[in-house]
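This is the structure I have questions about; it appears just below.
Chain lettering (A, B, C, D and E) follows the sequence in which the chains are written, and residue indices restart at 1 in each chain.
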Amino acid sequence: MLADSWLIARKDLQVEIRSRIIINQIAPYTLLIMVLFGFALDANTQTLRDTAPGLYWVAILLVALLAIQRGVQIEDADAARDRMLLTPVSSSSIFLGKSLALFVQLLVLEVLLFFVMMVLFDTSVEDPLLVCLSAFVATVGIATSGTLYGVIASGVGVRETLLPILLLPVLAPVAIGATRTFGDAFGRVNADGWAWFGLLVVFAVVYTVLGMFSYGQLLEEE
Amino acid sequence: MLADSWLIARKDLQVEIRSRIIINQIAPYTLLIMVLFGFALDANTQTLRDTAPGLYWVAILLVALLAIQRGVQIEDADAARDRMLLTPVSSSSIFLGKSLALFVQLLVLEVLLFFVMMVLFDTSVEDPLLVCLSAFVATVGIATSGTLYGVIASGVGVRETLLPILLLPVLAPVAIGATRTFGDAFGRVNADGWAWFGLLVVFAVVYTVLGMFSYGQLLEEE
Amino acid sequence: MTVAIDLREVVVLLSHFPALTGATLRVSQGEIVLLQGPNGAGKSTLLRLCAGLLPIKEGTAKILGQDLGENRRRVRPDIGLLGHKTGLYEDLTVEENIAFWASMTRANSQEITDAIEVMGLGGRLRDVLARQLSAGQRRRTAFAALLVQRPPIWLLDEPHAALDSEGRSLVNELIKNAAAAGATVLLVSHAAKELSALTGRVVTLAGGRVTSDSGGNGSEVNGVS
Amino acid sequence: MTVAIDLREVVVLLSHFPALTGATLRVSQGEIVLLQGPNGAGKSTLLRLCAGLLPIKEGTAKILGQDLGENRRRVRPDIGLLGHKTGLYEDLTVEENIAFWASMTRANSQEITDAIEVMGLGGRLRDVLARQLSAGQRRRTAFAALLVQRPPIWLLDEPHAALDSEGRSLVNELIKNAAAAGATVLLVSHAAKELSALTGRVVTLAGGRVTSDSGGNGSEVNGVS
Amino acid sequence: MITTVGPFNATSSRSTRFLGLCLLLGIPALILFAFIFSPEDDSMEDAVRLLYIHVPVAIFSYIAFGVTAVGSICYLWKRSRWWDTTAHASAEIGVMFCGLTLVTGSIWGRPTWNTWWEWGDVRLVTTLVMFLMFIGYLALRQVPASPEARAKRAAIVGIIGTINIPIVNRSVEWWENSTLHQQSSLTDGNLENLTLFTWFLGTLVIGITYLWLLIHRFRVGWLETEEERLGYGAAIEERQAEAHGLDVGSTGIPEEGENE
């Protein structure tokens, strides 16, 4: 099963690398979002520094939406999804594979954006372990729930706009939790970072399990 | 020429109304973006009130990206763009038609989002005329430049992600200008709203003219 | 002989429209059947139904003895479907596409090389992106991805579409070989003549049901004109 | 007789690949020409070139006397192109699609009604969304949108694709009428037999150039194989 | 809508008319008690009267979403149209009630907290998230897909959405220091008698409203699917006949069907 997942993830990553969309397009987009925030907040350095974790995760969510849509679109463009159903590969494998590819892409973007934030918003990290772990777990949550909702929102010409409204409320706990852990790790707020980290772990586990069991049901086209 | 534009705009709006995407999906999405900002700025009401104009226009830009992509996608899905080239309709008409449809959609969304902002961010308007005029002109600018860049970023499977990075920097003047006029109209900052309004007018005029003359060139596929 | 496909009075709705209105069809294992009928008759729908991709509203459908009404998934790995759309990834090359589908269906690299050669996709084309293929080259790639799968049931929607005459006789050859090796083949075509060398059994669909069948348990016998 | 299409040693690059490598072809006004050749020969590229949709790298191309090298746009309103893709809007109905293209090409409502009737899209189908059509119904809709345009030059890429036999004879009929009314028609097909009743002139493309021409100023004469 | 198909030939029946009658009496009574008989609050003064609508609609939005979840689970289990229709109907009313909670809360917040909205307040924000999630649910139900696929997707989204209920409910305790909002004031037992009674009356009236709306909405939904179900019988015949029309026409199909 894991071998199949890996094949599917590798295919998705191969498509991404080939079209160089992440490097050439999504990465600059994340940058732009941060800059836009800078404008919107009117360059008040203190405000920026305080709200950096929140803005970081909002930017990541917006970017994740793009990446998820790409992932769905790759399968939809020429009915590859149907073709995939006609193979012995289990739907849990497909789910894990698509999630894994999304996870890797998001992680790359997060690392990039993190350095941008460090420079632009002048943040400093006090607890690197918490930052790494929480980013890792939050990304697992985003990738699994995103893959699940990507297929829920797919189908006849509705994808681009239905996905955000279904997924963003679901990701609200991740956004809040990751913002708090980052805030704690940056020494900005007195939140209990590790408690919020627990929330992220629960979220990731719940959606991984949920996805593995219900993805197959949802893949059916009609 | 204007009659042709109207036919094209009507077709786009018809498609939108048919798929009910604006009401069911894009409108809630704008709401969600505002909510996300609320999270990210972590409940500091004063900050929110001060930055409301900026956040409003960032949200509108992000939503405009979606609407532009829809507009391009409608033409690309089954090569209708090529078909359009093989008619006696001038490319300026196509440009005006697509822009008009985008304009109408954005205006509807702006009105909706405006009321949401009034309530959620607790803003009050001191100069309604400036608000209406600047929103109108800014929307013309976004619609025309969006239509123009939408076609630049279309083509070989790159649309969703290429557009934001091309368009957002272009729209930076609109974002700043409209934020300032709103800030002035809300009595929040001491900017000279009407001067910024002038900038918006210039932007709108420049992109309308630019679009009418260069759109035809850009429509060519290869 | 074993019955591979057994449809009885199947009704299928596609967003409320009855695309199949009580289709009955039996195909034995190893048989080649040609489906024809006017546009909108329900031929493509019938193929997708047999692939276990559509829910059944009424009637029963059994594929290789498995009831689709109970479980549509179990039979799917045994199905090779070539529809109007081809299931290729635009940003992968011909070879990468075929290799991916081969890995999904547990084929080995020798089979990949063979399929590429057979379909005439060797040489330059091997490394061309799917988005840069001509219509016929695309169909060939899709066919190669089907070949590596070697499924017991082949469902081909207009297998000759976009192929040149050499490609057409090649496909005919491959279908014949597959059937000889025991595969069951359901073909949809509007150019019955070109495929008539393959089979004597022509089934006509109209209005979502089978209206005539020149073989099997058919109501009348018709040669291919 | 006036020359409608005049290509001389045309070279066209599609993302660096020479899809046409020096194609030469002359077609008189009112003539019907059948293009054939193996997959990837460059037939679709040739049609898109004649429609003024592709830039010319070398050689000259004149359509209705207008040089495409100078201005590719002027000739476009005179072109009716039916490619592998059909140019329909998925969320509009059959009638809305046809009416939209009719309004773009200044056709009146009578012509719309006629085209719908002729292509057999009356009744229920008129109000069906394009996304819910079968493959053949889609092609019929696209053909109807072409009919309302009544262009002087018809470029048809596999006009028989996905059509049932009634649709095929209908399309043949329409092509014959158009040519009789003075339109120039360039057809691409792999099933030359079915279209051979329309014309005696069959041009074969291979490797991006014309290798044989059974009529016109052809280098050799070839029957339809 | 009022057709003679299916088990119900209209969306009203004796029991719903009875419920409607109760509402006809209950609503004026509630208005009387809420605005005239019940006393002002010491600190909130007249604004307290919003309690009688705000709290019941909040509670019944929980119940409505809960019913959606139950309906969704039963749908996935039994695959019956009945449960799917129930889930959908309840979600629609739940969204309405949840929207009312937000609106009445905001109106209440203006005089008491001096703001329409407070981002730092967990209950407000979690309520908004729940509201949006079910807006998404309703949007998903509009998607043009087959009824089965749509029902399946909606069921999963509906179940996930229900996770919000305990969060909204417990939020004021879990994050005590980040809320302006009232904690459970009822369990404290510090409400005056008449206030308590009026509150109960409000809950009862809203409860009946919920039931009444649910039954009607369910029946409308049922009639819609029923129409589809019966409609397709007719559609099948029409389509089969269409095939015959084609057979005699010039389809060019050599074989002529002789059946039926």
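Things to note:
Just so it is clear, a contact is a pair of C-beta atoms (placed from the backbone, for glycine too) under 8 Å apart; a residue touches a chain by one contact, two chains touch by 3 or more.
Since this is a predicted model, take the numbers as computed values, not measurements.
Note on connectivity: the fewest chain-to-chain touch steps from subunit A to subunit E number 1. Listing every chain that touches subunit B and subunit C alike gives A, D, E.
Interface note: subunit A and subunit B, two copies of one sequence, contact each other through mostly matching residue numbers (shared numbers exceed half of all numbers used). With centres taken as mean Cα positions, subunit E sits 34 Å from subunit B. Spacing of subunit B relative to subunit D, judged by their CA centroids, is 38 angstrom. The centroid of the Cα atoms in subunit A and the matching centroid in subunit D are 46 Å apart.
Note on chain placement: the centre of subunit D and the centre of subunit E lie 55 Å apart, centres being C-alpha means. Shared interface positions of subunit A, defined as residues touching 2 or more other chains, are 19, 77, 156-158, 162, 165, 168-169, 172, 220-222.
Residue positions of subunit D touching 2 or more other chains: 14-15, 90-91, 164-166, 168. Among the residues of subunit E, those in touch with two or more other chains are 129, 132, 135-136, 139, 144-146, 148, 251, 253. Partner subunit D is touched in their complex by these residues of subunit B: 4, 7, 11, 14-15, 18-19, 74, 77-80, 82-89, 216, 220-222. Considering their complex, residues 106, 115-121, 125, 128-129, 132, 135-136, 138-139, 142, 178 of subunit E touch subunit B. Considering their complex, residues 129-130, 132-133, 135-136, 139-140, 143-146, 148-149, 152-153, 156-157, 160 of subunit E touch subunit A. Here subunit B touches subunit E in the complex through residues 20, 24-25, 28, 31-32, 35, 38-39, 41-45, 48, 119-122, going by the rule given at the top. Residues 14-15, 51-55, 72-73, 76-77, 79-81, 83, 85-92, 96, 100-101, 103-106, 129, 145, 149, 151 of subunit C touch subunit A in their complex.
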